[in-house]
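Labels for the chains are A, B, C, D and E, by order of writing; each one numbers its residues from 1.
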């Protein structure tokens, strides 16, 4: 279990996030949802240990009760968009986390190779990102993240660069992928349809300064999440989100 | 594609024809403005003499340009790692471009003698800054997400540089290379003017002092040809070293 | 003295005052007839460049320099540690030229108010001013600094007059069929001077007088041979350099020999005449051309005989 | 902000101090390398003599630069309207940059006399292309959506140019202006070198012929100062003419 | 009523859109929905008369039965994003369509001025786009389109640059705006939640080559479109869209 306490993020004397507390169970998807600029990305970057230079932060992070300092191997981070390096093949991109961690190239590729099929990328190993469709690129980015074998995966709006239809497809894909190989996930999004469709638990953030306003469990099993079943929850969330004054 | 080559060539041919016609019809003294045919004749007749000069210029230019690229690359690596040094030095580098080299070149010969050094230095002076600026701006063009990704993977400053910033700077590097290459030969000729044993600059100076405008222009043609050859070479190298699917398309 | 063995040749460089021309004939002859090699020297004649030979010599970029009279005197007066070893031309080869069909010019006084194509050296003002004033004119004129473009500009009538070397540009003008007339400096109040100095640094002379002697004697032999065989020397020059117009070289050599420029009376080739040297120096001092390193006009030091040294000529 | 100015100045001062110390300790002849103090003294003592030369250079540079900007602008307007002409002419414009001006300048004096024309032409030759390339690339930087929007509103080619392409090219135009301005003064001095009545080029030539390295460097300092002043002026003009909120922030 | 018949759009000998027919009633919102690359933008651009150079098109366009040729004043087009010119003030941006059509500057501004309040932009007249939030910029773009007084408004993914919460807000705003000042709208989107939330009628496009696969009316009144009420329709649409093979 990952626990954040008293997280305050400051920029130029202004609190972007104030005294935020967070608990992430060892299993399941937690969605972090909120209006633009409320600090979702900042919280995620702090967890990943890559808060931008201008920002200062205080707060404690515990993994199973023991304090840890990010960046930590137990957490892997997937930035917004796919962030695939255009000058590397898909295989090289997928192995990036391993080679950066010091694994020899050959060993890293051996670790990555068996996963391509499961990620719907069989035969794409030697292609370059520009040769792939948006959905395939996104799956390659997931492969790069998942092969790092961390305990918690931090996803910053993984589907925001995709069109809505591909997004629906990728949500289905991610759901089944996580059922096949469970992993704890923190998913940042501002799309309530996405959050309700994927998450086991939704944290609603409010802006000015950023804080957690509500924690909403999603009690519907993953395979029964039809539009009708999710409708009441979505209505609630919509009201919650639209309550927040526009910025 | 063919049209893209043929149209400029046609315009160029028309310009030459106009020049030739002007020289013949207006009866201009070839001492003042030789016709293109005269320049060509001078070039062909004196090719054996021009060749060693062209070769000398080419070696100096190649040496100076290579050193400049190497030096610009090293400097860029150091400066991107030390933003304070970059802030302190860049204004000076930029100010250095405002110095009229025509005044400095003879002094450099006096300071550093008749050997390679002053000429190579001048080439470096002229070609260094475009390269450096291109490289530094190239490093900055790396998407923040790439840096974030690597740092979250535990990468240090150097790994981020090597794996993300450096490859991102490739297009900017090639652009800088092209700008610098355009000036390398011209700068060498300029340096030779101020003092050299051999080279197109010396040849032009002698031709000028012997009132041979045709030979001056012949040497100009050779120099332009060398520059274009250098640019073509860079273009080829860029294509051959391209990674990824853009290797097929011209990316430079 | 014993010539050094040919396999241990001492490298020597000499910088030129101008693109290779007949003023340098002795250097080419000495090199290509092997006089230098016999003296154990491997002489490199540096091509002319945009940096003056006086500066190249003073800075140590060359061992010897072929300098114009003005170049030598300015540098020496300005504090450069130079010593003249040789004077090629026994009389002034420079002259002031104008187009013969320019009816407005008949005498130097007519140059007042005209346009002059200049070369950017300080003594031109003193020279032209003195000539005009000596002829009774008002020494005021318009200067356009053009360098070698001056001759084409004059031929095209864009300027009224310029300065030339009679034995080079003068011969070339005649070959091109240009109708040009000239005023000799010496006729209008300028002391007749020797021209074309070979100089070295005093430190070189002090450190290796033997080298200087070997170099200068071989050079002298070269010039002497050229004076005796003008046509053969011209051929040698043509073979050595890249001359678009061989007739110019022959014509120039002929003019030099006929004009008594190389050999004047009994004096050995290259001898520096103390009186004319001092007279010219005096003229330049008095007309304010010579300045110190700080730019202040120098006063006549009274004696300039230490500025040259021809002891290498003595036995 | 203050630090950004002070650090480069400190480095510059250190460089000057090092140069001064070297001259004094190594006893270099001031004929070869005058110390900074000597250059400064020469500059102050001869300011009355240098001023008219600097003024002459400045006028030629200003005239040439203005003409170049005007000409580049007109050419860019024509070329953006005629893509075929652009394809035919741009390779020639680029090839023209490979010509060594050091050889061409004396010939241009022969061709065009020693009035303003050849000098202005040389300045135009040097500064025209960076401007033109910047402008054309600026026009292309207009977002396609802006063009679509205007065309759907019924706008013709010229309206699209005036209302979208032209304003979009402003940053690129300013960048080109800055590059060209950096070379305007240097190119003028260079042109004067080949023939002029007055100007820093002539002053440098005379100083060099009179073995006054200190005056050469003093003129170099003046020339660099003029260029920096020109750049500062452009920066100011860019700020004053900026529209929108970026008018407050430095956008150039 | 606007009628398109036999529209075929070609690029390099390939049909992007083939023999497409379309009818837009004089009132109400028609959504054009489909996967990425199916040709939605191309159809819209053809209607606006701004098909890119590389593309060729055949087809007829009739307004109330009479053939017309685009660009036509009866249709106004709003490109993806907001396409506000950063060097013009909001008032100048809003008046752009009028001044381009030849109205003197003064008259154009007089026409635009009274509308600022209704578009929630009162007081923003003299500001520049960069000084506005994403939602305000989007409203300014709508103002620029609506003031052109065309009969049909062509919107290409108007909300795609906005975050999900602002998008919800802007959908509500557009709905009420169109109720206050009705106008026929053709709305291109690939977001089924957006299409169902706003449209009176949904045209579902399929790719390869682009064609209309289904026409689905949305019989629910605009003020009763809760998540629950829309759920069955959304489920249908989702199935329809995901049926199309991924590209």
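As a working rule, a contact is a pair of C-beta atoms (placed from the backbone, for glycine too) under 8 Å apart; a residue touches a chain by one contact, two chains touch by 3 or more.
None of the values given here were measured: they were computed from a predicted structure.
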Task: Note the shortest touch-path length, in steps, from subunit D to subunit E.
output: 1
Field: Interface with the most contact pairs, given as the two chains involved
entry: B-D
Query: What whole-Å value do you get for the distance between subunit B and subunit C if each is reduced to the mean of its CA atoms?
result: 38
Task: Measure off the straight-line distance from the CA centroid of subunit C to the CA centroid of subunit E, and report it in whole Å.
output: 85
- line: Separation of the C-alpha centres, subunit B versus subunit E, in whole Å, is 51
Task: State, to the nearest whole Å, the distance from the C-alpha centre of subunit A to the C-alpha centre of subunit E.
output: 32
Statement: Expected list for subunit E, residues touching two or more other chains, is none
- request: List, in ascending order, every residue of subunit B touching at least 2 other chains.
  value: 32, 106, 110-111, 193, 201, 208
- line: Residues in subunit C with touches to at least two other chains are numbered 52, 55, 59, 148, 152, 156
Field: Complete list of chain pairs which touch one another
entry: A-B, A-E, B-C, B-D, C-D, D-E
- line: subunit A residues touching subunit E in their complex are 34-36, 133-135, 163-166, 168-169, 172, 189-194, 226-228, 230-232, 234-235, 238, 241-242, 244, 246-247
- prompt: What part of subunit D is in contact with subunit C in the complex they form?
  reply: 29-32, 38, 41-42, 45-46, 106, 109-110, 113-114, 194-197, 202, 205-206, 208-212, 214-215
Touching residues (chain side subunit C, partner subunit D) in the complex: 52, 54-55, 58-59, 74-75, 78-80, 119-122, 142-149, 152-153, 156, 158, 291, 293-295
Task: Spell out the residues on subunit C that touch subunit B in their complex, using ranges where they run on.
output: 13, 18-20, 44, 46-52, 55-56, 59-62, 148, 151-152, 155-156, 172, 176, 242-245
Complex contact set, residues of subunit E against subunit D: 45, 48-50, 71, 73, 75-81, 83, 85-87, 96-97, 100-101, 127-128, 130-131, 148, 154
